[in-house]
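In order of appearance the chains are A, B, C and D, and numbering begins at 1 in each one.
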């Protein structure tokens, strides 16, 4: 299969959108493109499975490698393993859902959908890149659309949030770039798989690992560089929030894994205590900060900080299971938080408020949306049957395998966050969904077909992953295995 | 001529250059500033001629260079004066301190 | 040995019901949803009964020992090569016994709800949730993998949350459902960490293997876990205590019991099913499931014993002072579970000394019937009176004769009056306690008396006391409400006669128990005295109880206010966690972390305006800087930086 | 031999020819601007085309003039920039009295640049430099009646005269010590003796003045602000690019013996330049002034690429400058159209521009993104290739510094985007009907911005030309 399709189709769709006339045409084109992309992603998944079962054990499949700037060692080198496919599927579902949720975006609809599709192209490209420079290219492609999406279509102090988000993410990619340069000047290659085979001296790794990890960490809301998350998410329009939390934060996690940890494993070992420290702080701190929020979007944004902490924690622990868990958590969090934002957006368009205190008893007037909200909440607090549980438990299980006592403590603290999560999710749900219905909200309507479909797609993903985790586990197994070969297993089991 | 060492000439030219520069920095009248620049150019001319004469008498690089400098200085002065005239038309002053509208 | 793999249909039927009703129930199936749920559960019940018959009477035994059979296993999630979550179906005495109890009581509740919840707008949703609960509980019961238990444990918790908050427009119901979920979640944290510990040292999540490894003293796993210590306590103790915390949370043991009384905000049949008969005994079941491992660690067994016995007493005292009938029942549940818990704590693994285990399971079994009977009876009463408070009741025996009889039988059973079911199981518990620890026995005995007292206080207050002054518009309720009451009455009266000890014991070997008349005399007479006292005080309206209450003064008030445990929790969360942790963090984030980023921006801007004078607009300055730049660079490069 | 004078000098001849044609037209009877402008642009187009045929390598006038494929390509870039500027100036020139003088001045300047580019001798270099500066100073004063214009011209001519004095002092010192002015002979004499370093610094200051590297940049903002937009564009793109082309080859060939010194110098200056440009740019309100400071910051980045001292470094500089031509001219194009038609120059005026002028807004946005280095625009590649080349020496501190400064630069570029897209405006600029020539120019720029980065052939081509340093 030609992986370039994954980049070309969003691009073509985005360009077609520019020729569309009026909201109706534009949204249909976007949806068609996104659905096509989702179809291709699923097809890719099937092909991948077929190839694997036929005994192909290459680390990367469907590889294409064309010289791009050959003089600089830059290649258009793409390929996928299970981790990338999981991410691609995540992206594809969130994109479809995002487009469906913005079905009635009348304000500059053409530009809106164009930017959404451009953003998704960046994410796809990022996930399939096997060349550091291409990867970096797509990472940055995904930044600017966010700025415009938040700044133009957002609400609240949108300009401030958009600027903060763009600048912090650019700072992140600046750090990534420095890390990347360090690797490049050491190995004279941008080829991730080739670099992995070369040995970078520990001293060099120690210098550049922090740059790469921190840079991607900013994308993944690593404490204390998470402050773009709450404001950015809160100000963004619904679809952009979904993209931000669902896709864009995953770029960071994926980068931490694929670039920082995979290429500089020794340094990852050396610095794991810092990573774990920051991740643990993010988890606990994010959870407690969420507890004090009164705006639904802020609640979800801070909870994203906390949840993305699990991703970082899983990577920092460096055991096969924990990295597995980190990947699972990325997918899970992407789906779940996108669903959450979708639900919040639906509520907001009807009630025109996101303040918990002003809402109440929505279950009575909009049972579907409320159910979606509750499902997202339950997934967020790690209920079995939904993806969050599988992911979090894998992270915990894997983290615990690391025999270091202090890391155990970190694991326990991370586990403790599930209680705090329960508190804030239930507080939010209890106040908004349950309780007496407000006078002004008695006449509101429930979800329309597009909203139902959007939520449905995400819920299917969440439930599928929660009920049949062995499927996705198999999918990402080989990929994680490749990374583990590089990292080496820290467990010294007797 | 033969008795004067190169360093003496260089002293003169350097002094001339510095005088010109001092004039450029302190004079407020644009024409005077232009004259100061001419002083500096001339000091360079002296340099070229002196170097040519004392050190590399077999080629005429330095002499030619100074001829070109003189030519260009003339062109420069012409344009500069034209600009100053126009400045006078718009500002009714050729004081350099009066033309500091654009700043920061 | 035959194949038991069909057992997975037992949980799958309710699951299917849940899915169907959850997705289409509201719109399309509302009228028939009750029947649908009941029928599918009846199917499950039949299968369970069939399986129980097959296991206990046909082929469960091999060489005189009831076998532990893994009937079905399916790897659900692999963590590492030897640690994986397997969805499994395990067949052993306690799981089969629990299957019967859960499906049966659930069926009764389903039937009862047909009448009780009639006319409710969210009828289908109610049945969907009930099915979800039943599914989760059955999954928990059948689990052969410790993580599987955890999974269904959580699911049980959430269905309990959903059902407690069923009347979502009532703020108190919302609060209660949140409380239930969060408190049990807190306990589950202990369970989770306990699992992590056990799984790490045992290198497996499979209960059978884990038990095997951690009970043989020579195995490297046992040596590893017992040898490692943390804060002077062996890791085995840590792990088991943490697992026990999980169980204690779900089983409402002190001090994690605070959610149970509030949980009575849910519909009464739900209380009968979840908060009396099934879910709350999950903690007991968990300890029983891991009993061989628990029995390896004496200190944890002591912990279990004392927590259990204290909870039994504590709850009984509070129960005497409550006036909400469901709350009284809730505290009585807590007290009875305390019995089961300490019975486990004082038991041993093998032979006669395993009596406690058997007694605990037996009590669990009988308790399920009489407690659900009591709750359903209370439900019928509430259905009629539309109030939970005993002050609003009195003299109801004429209005609802069947309920009256049922309730009386229930009270006799729970008090331990022979030959009702509770007598036999409680008898065994007391015997076990007597042989182990006189102290525990004493408290248990006293608690038994208290139990009889408050149950009959309840009984007399509802059905006697004053004459019914007002007429009720309808009778006892529909047939569907009466039938379960009758069936459960029969069971509450007769279940104790079953030869339970032949089937369920700690080591799978049948044992014979005898009823020692001499031994029974003391508790029975003590109980009878308590019943008489209750009759004397509450049968007719008088001021004796009030006088006594004022005599007891502060003690009474403390008991009435549930010994201020709720207040302590509120203090910790409301006065410490929120203002002292949450708010500072939120402040820190808004002002310090965010402030740092904004400060960077401000500093840049400030610096920018600081150097703006450089660009002064005067061409002479420019030239000066130009020259100064060259001079500085020249100095730098000629003299300083070579 | 005679053919050599024709072919090696073909681009210079072409310019000279156009100059003569224009002079004759000027002397002849008045032709309306509207008829004249397309013809002139056509001539410039021919001029650009001339660079693509009959290319030969060789030297003339005793090594004073040299040419090769790289130089031809650099001249083509300059020609292209001139053509684009001329097309964008259409609206402004349409009503202008002194249309032909405008072209005369700029063409003369570009002729000077060609000689400077091709110089093989310090004298030739000096002549080219002056020839490219003095006419531009006059052009800066092209709006004769505007106060700012004359002030800017005054500042430019005084500053440039001063800088050429210092440059000449440097050349005289070099000459005094080595006795030669030929580029090919100089390296043999150069050493890191203090006087050589001093004279090198003086020489460098001449370059620094033209490319506005800090601390020689102070004239830039004022002149850019005061000059007519088209002249500003010419200054910021053509004159800067030409000097940078020369700078790279001079540093890499002539001053190779002083590599350590100029590496350190560039290290230092690039940092200071980027920072200063950024810090001033964030507080600007006038778009031309803003673009002036942003271009200063850009120069800082270019200097990083220059500091590499390798083939990749040179390639990245030329490549970046090509992209810079497109990006900066797209930005200036929009500014010039809006300035000419609506007479609006500040960021406040640009608020809500998107509502009335989506095309111009998109062009300006993409241009700014390219300047900021956002993919998929070419600016991304240009900028990061510079940094990549610069990092070859292991100076990661510099790379980190530059990357973080990119963030600051992001802020101010995005500020304008924000103004155009997000801010409300009570009196927005009316819809502007863009004439076909400027529109075509903008589209060419846009195409260049999008294609120059993704098309690797361009880079490969430049890379191959930069071999044999």
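A few remarks follow.
By definition in this document, a contact is a pair of C-beta atoms (placed from the backbone, for glycine too) under 8 Å apart; a residue touches a chain by one contact, two chains touch by 3 or more.
This is a predicted model, so every value here is computed, not measured.
Shared contact partners of chain A and chain B, listed by label: C, D. Averaging Cα coordinates per chain places chain B and chain D 27 Å apart. Taking each chain's centre as the mean of its C-alpha atoms, chain A lies 36 Å from chain C. We define each chain's centre as the mean of its Cα atoms; on that basis chain C and chain D are separated by 77 Å. Between the Cα centres of chain A and chain D there is a gap of 42 Å. Shared contact sites, meaning residues of chain C that touch two or more other chains, fall at 612, 615, 617, 619, 623, 627. Among the residues of chain B, those touching two or more other chains are numbered 24, 33, 96, 99-104. Of all residues in chain A, none touches 2 or more other chains. Applying the touch definition to every pair of chains gives A-C, A-D, B-C, B-D, C-D. Chain contact summary for the complex, chain D toward chain C: residues 154-155, 158-159, 162-163, 166, 192, 194, 197-198, 201-202, 205, 209, 214-216, 218-219, 221-222, 261, 264-265, 268, 276, 279-280, 282-283, 408, 411. Of all the residues in chain A, the ones that touch chain D in their complex are 67-72, 133, 136-138, 140-141, 143-144, 147-148, 151-152, 158-159, 162-163, 166-167, 170-171, 174-175, 177-178, 181-182, 184-185, 207, 211.
Across the complex, chain B is touched by residues 123, 126-127, 130, 134-135, 137-138, 141, 144-155, 157-158, 161-162, 164-165, 168-169, 171-173, 175-176, 179-181, 221-222, 225-226, 283, 289 of chain D.
Those residues of chain B lying in contact with chain D across their complex are 17, 20, 24, 30, 33-34, 37, 40-41, 43-44, 47-48, 51, 55-56, 59, 61-62, 64-65, 68-69, 72, 75-76, 79-80, 82-84, 86-87, 89-91, 96, 99-104.
Touching chain A in their complex are the following residues of chain D: 312, 315, 369, 374-376, 380-381, 384-385, 387-388, 391-392, 394, 396, 399-400, 403-404, 406-407, 410-411, 414-415, 417-418, 421-423, 456, 459-460, 463.
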